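Here come two complexes built around subunit A, the first alongside subunit B, the second alongside subunit C.
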Partner chain A sequence: MQMFNYLLSYLINNVFILMIGMLGVYVLTGLTGMFSMGQAAFMAVGGYTAAMLAKFLHWPLIATLPASVLMGALFGLLIGLPAVRLRRDYVAIVSLGFGEALVAFLNNSASLTGGALGLTDIPKYTNEYIIIGALVLIIAFIWNFKKSRFGRQCIAIKSDELAAASMGINVARVKLLVFVLAGAISALGGCLYVHTTTYLDSSAFGWDQSSMWIIMVFFGGINSLTGSIFAGIILGLIPEILRFSNELRIVIYCLLVLFIVNFRPEGLFGTVEWDMRTIRRGIGKLSGRIKAVRARKDVK
Partner chain B sequence: MMLLDIQNLAKSFGGVQAVKNVSLQVDSNRIVTVIGPNGAGKTTIFNLISGIYKADAGSIQFCGKEIVGLPQHEIARMGVSRTFQNIRLFMGLTVLENVMTSLDPAGSYSVFSAMLTLPQKRRQEKENRNLALQALELVGLADYRDEQPKNLSYGLQRRVELARAIANKPKLLLLDEPAAGLNPREVQEFIGMVSSLRERFGFGVLIIEHRMQVVNELSEHIYVVSFGNLLAHGSPYEVRNNPDVIKAYIGEEAKR
Partner chain C sequence: MNYYIQLLVNGISTGAVYAIIAVGWALIFSILKFSNFAHGGTMVCSAYAGMLLTRLVGANLPLVLVISALFGGLVNVGVEFISFHRLRQSSKQVLLYFVSSITMGLLLQNIVALKFSGIFYSFPNFFPVRFLNWGGITFDVADITMLCIAAVSIAALVTVLRRTRVGISIRALSMDLGATSLMGVNVNFVVLTTFFVAGALAAIAGVFVGVRTILSPQMGTLYTVKGFMVCVIGGLGSLSGALWAAILLGLVETFLTALIGAGLAPVGTFLFMLVFLILRPQGIAGQFVTDKA
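After this line comes the complex of A and B, so read on.
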């Protein structure tokens, strides 16, 4: 029971917050097909914005939250402007460079950001309900975004940029919009992160965190929001569950990812969303099969 | 005024002159075909019209406006729709959603409206869904609306592409080898579909095609391209009896 309570609190306070950052990657990589190897830097942008405003200027959450979202969007625009004209493999390099440069900048401007020592004593504003509420809201926003003209244009661009443009889709503009949106989402995750952990150092937002998010999105299914959420929870919890054996957990983790990539290159759920429609269809199929089995037994 | 008026178009890639000097016209409610041997520059002409490449010289006027140098999506929004030689449907979207993508760029609701599913989004989604369904009905695919395109046969995928191209009511429809890979029955169906769509919408149609059946049954005017040059143009009868054309392209086919 204690273990369960611990895991639940870990799930909400760590996994869920990092998952908000991952959802930025979902919008960029899963939906639009642009690899962002520096998405964690947007989380740092949101985190440092919120941390400094709360610590030095004593702003409340209601002010630091929109401020960090705005900063995330602004940085998304800044990176997006040069990146949208590039081929998608170069986008990965640009975003990687941006992420690493930003972390280095934060490390070296010690007077403001505390440098490598980080910032401590940041006011704790969040509780479990705020985190869950924020996560659910963001998931709902992204879900609606996906099921709209914007989501369809994103998937079209991911699938075939040339054909998308010949449908009249303004590819550069949609990509820019997605950069801004993803930046804002990840920055919001950063804001919640600092107000939950109450300390902040830049090493948490390197490329390894960004690539972890990409693994999650691919693991869950490249088009599937519910798949990404599922993968985010599973891959976020596994290292904690396997804590008793440090060597084993890395092996199991890697094996899991390798299996998925090899045997289900489309990810666990592929393009399937676990919405009511899929579930209803699944139940329909299952009950049909049960009826068939029963009918066969009756004949016998 | 001509719907599409191309004058002295030229395009080269490095040292290869893919299109040297081509002029052609398409009027509304007309079906015009471009034929020519492989590598004659036909698809390049299409890519120049739809803005994938920028012409080196010459002009392309669409509805009286110069479109050379405009980005691809603006040309598309002016009313130029196209299909591709190798089918390019969007994977990850259903058949209906594929058709809806051609209506989406002109949509008017904002990102916030999209994320909150405000009434404006609901209304427009419903409208576009109906328009896309109508387009699918016109090509006889309404039953496949929720399928993934990769699960459809090649012939049906071609029809999805056609539905996607006509859903936004274009003024000019460009079809790049629409009958490639279809069996004889499908070709016949396709011919009927294109001519009935033309009658319904009155758009101009420009087709690249190899199959003489399609060329003869559909086109009212034929342009023959060879090595980037315009060899001849005229009615199917005139072109068939043009000695240059027989020499360059049709050969035995015409003597039959």
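After this line comes the complex of A and C, so read on.
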């Protein structure tokens, strides 16, 4: 029971918060097909904004949250503007360079950000309910976003940019919007992260975290939001249950992913969403099969 | 004045390391039309293999270079088998190549980290005299040796590509896969050879990084980033472009480090790259390779 309680709090305080950051990658990579290799840097943007406002200016959560989301969106705009004009694989390198540059910058402006030592004593504003509430809100938002006109345009761009443009989709504008949106979502995750851990240093937001998110999104199925969420929970919880060292954890992740890439290239769930319709259809199929088996028995 | 010449020398020798990495990277890009992000992983593995060799049998520099290069080549052949072989046959989806190679790189790096993290290792000093003073400018003997070996190995690579049968097949493969296989070239063999050569180059770079500084498993990530940057600046898939871009990036980094400090230099490098890409998105070489992305 104690183990269960511990795991539950770990799930909420660590896995769920990092998952909010991952959802930014989902919007960018899963829906629009742009590789962001520096998405964790946006989480750092949100985190540092919230931490400094709360620590030095004593702002409450109700003010730091919008401030960090705004900063995330602003940085998304700044990075997105050059990135959407370049070729698609250059997005990867621009975001990658941005991530590395931001971490270097944070480490070197020690008077403000605490440098490599990090910031401590950040007010703890969050509790489990706030985190779950935020996660549910964001998932609902992305769920509806995916089904909206914009979301469909994103998926069209991902499948074929040229075809999408010839259908009258303003590719650069949609891409920029997605960049801003992904930045804002990841920054929100960063804000909740600092107010939960009350401690912040730049090493948590490097390339490793960003590529881990890409792995999670891919693992769950690249188009499937529920798949990504599922992958985020499983890949987040397994190492805590089995108590691996960090290196061993990554080795096992990598083996899993390589296996999936080779033998199930569309990811665990593929493009299937586990919404009510799929579940109902699955139940329908199952009951149909049971009926068929029964009917065969009756004939015998 | 001497100071700037000194910076120039240091910049070029930093560029030489990037050049060896980037040339192997460009070689693979030219035939696969996709970047192999596991390059840094191969580099780390073979650098640690070379380090173990010096610890266990006390090997000297040439021996370490040769054996690490062989080892790196074999590791890279393994990388091809595990992360690209099935994909090349079945899928054209760019995301898969991307995820597959990133994962492979992380895997190699963390296998090394499992065994060696926590303690920093370095190569023993191979040179009886480490620094030479010549007209007020100090030369690091390691840097000079490295520069020479880099030049020799790149020259050797270019000769192989120009003159030999395998080289011609590699170049043909970079133009058209289907036509090349119709000409009776064993495509799989050529791809594996290319991976072997790129791995050997990565291993040489890894040993040099180890000789110049210290070894850590994380250097794989760092040099993957650098290699990718250099290749993009040079124009993806172009060997000569990668060469020039490597020297350029080495110089820019060295001068930035001298001007604004090692900590902030990555910010400057990033801005440099961004401006460069906006002004000349096709890279130095200028050939616009239509890749799968």
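Heads up, the rule we're going with is that the second predicted complex is superposed on the first by the 291 of 300 C-alpha atoms of A that agree within 3 Å, B and C clash if a C-alpha of one lies under 4 Å from a C-alpha of the other, contacts with A are read in each partner's own complex, and residues count from 1 in each chain.
Just so it is clear, contacts are C-beta pairs under 8 Å (C-beta built on N, C-alpha and C of every residue); 3 or more make two chains touch, one makes a residue touch a chain.
Predicted model only: the values in this text are computed from it and were never measured.
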According to the stated criteria, A:I214 is in contact with first (subunit B), second (subunit C), both, or neither; which is it?
second
With the two structures laid over each other on chain A, which partner does A:L255 touch: subunit B (first), subunit C (second), both, or neither?
second
Going by the contact rule set out at the top, does A:Y90 touch subunit B (first), subunit C (second), both, or neither?
second
Looking at A:I233 after the superposition, I want to know if it touches subunit B, subunit C, both of them or none. Which is it: first, second, both, neither?
neither
Of the two partners subunit B and subunit C, indicate the one touching more residues belonging to subunit A.
C
Who does A:T271 touch here: subunit B (first), subunit C (second), both, or neither?
first
Is A:L78 contacted by the first partner subunit B, the second partner subunit C, both or neither?
neither
Residues on subunit A in contact with subunit B in one complex and with subunit C in the other?
222
Spell out the part of subunit A that touches subunit C in their complex, as residue ranges.
29, 33, 35, 82, 85-90, 92-94, 96-98, 100-101, 104-105, 107-108, 207-208, 211, 214-215, 218, 222, 245, 247-248, 250-251, 253-255, 257-258, 261-262, 265
State the interface residues of subunit A toward subunit B in the complex, per the touch definition above.
141-142, 144-145, 148-153, 155-156, 158-160, 162-171, 177, 181, 222-223, 271
Under the stated contact criterion, what part of subunit B meets subunit A in this complex?
50-52, 71-73, 76-77, 81-82, 84, 88-93, 97, 100-107, 109, 111, 114-117, 121, 124-125, 128, 148, 164, 168
Flag every residue of subunit C that touches subunit A in the complex, lowest number first.
35, 82-83, 86-87, 90-91, 93-96, 98-100, 102-104, 106-107, 110-111, 113-114, 117, 221, 225, 228-229, 232, 236, 261, 263-267, 269-271, 273-274, 277-278, 281, 291, 293
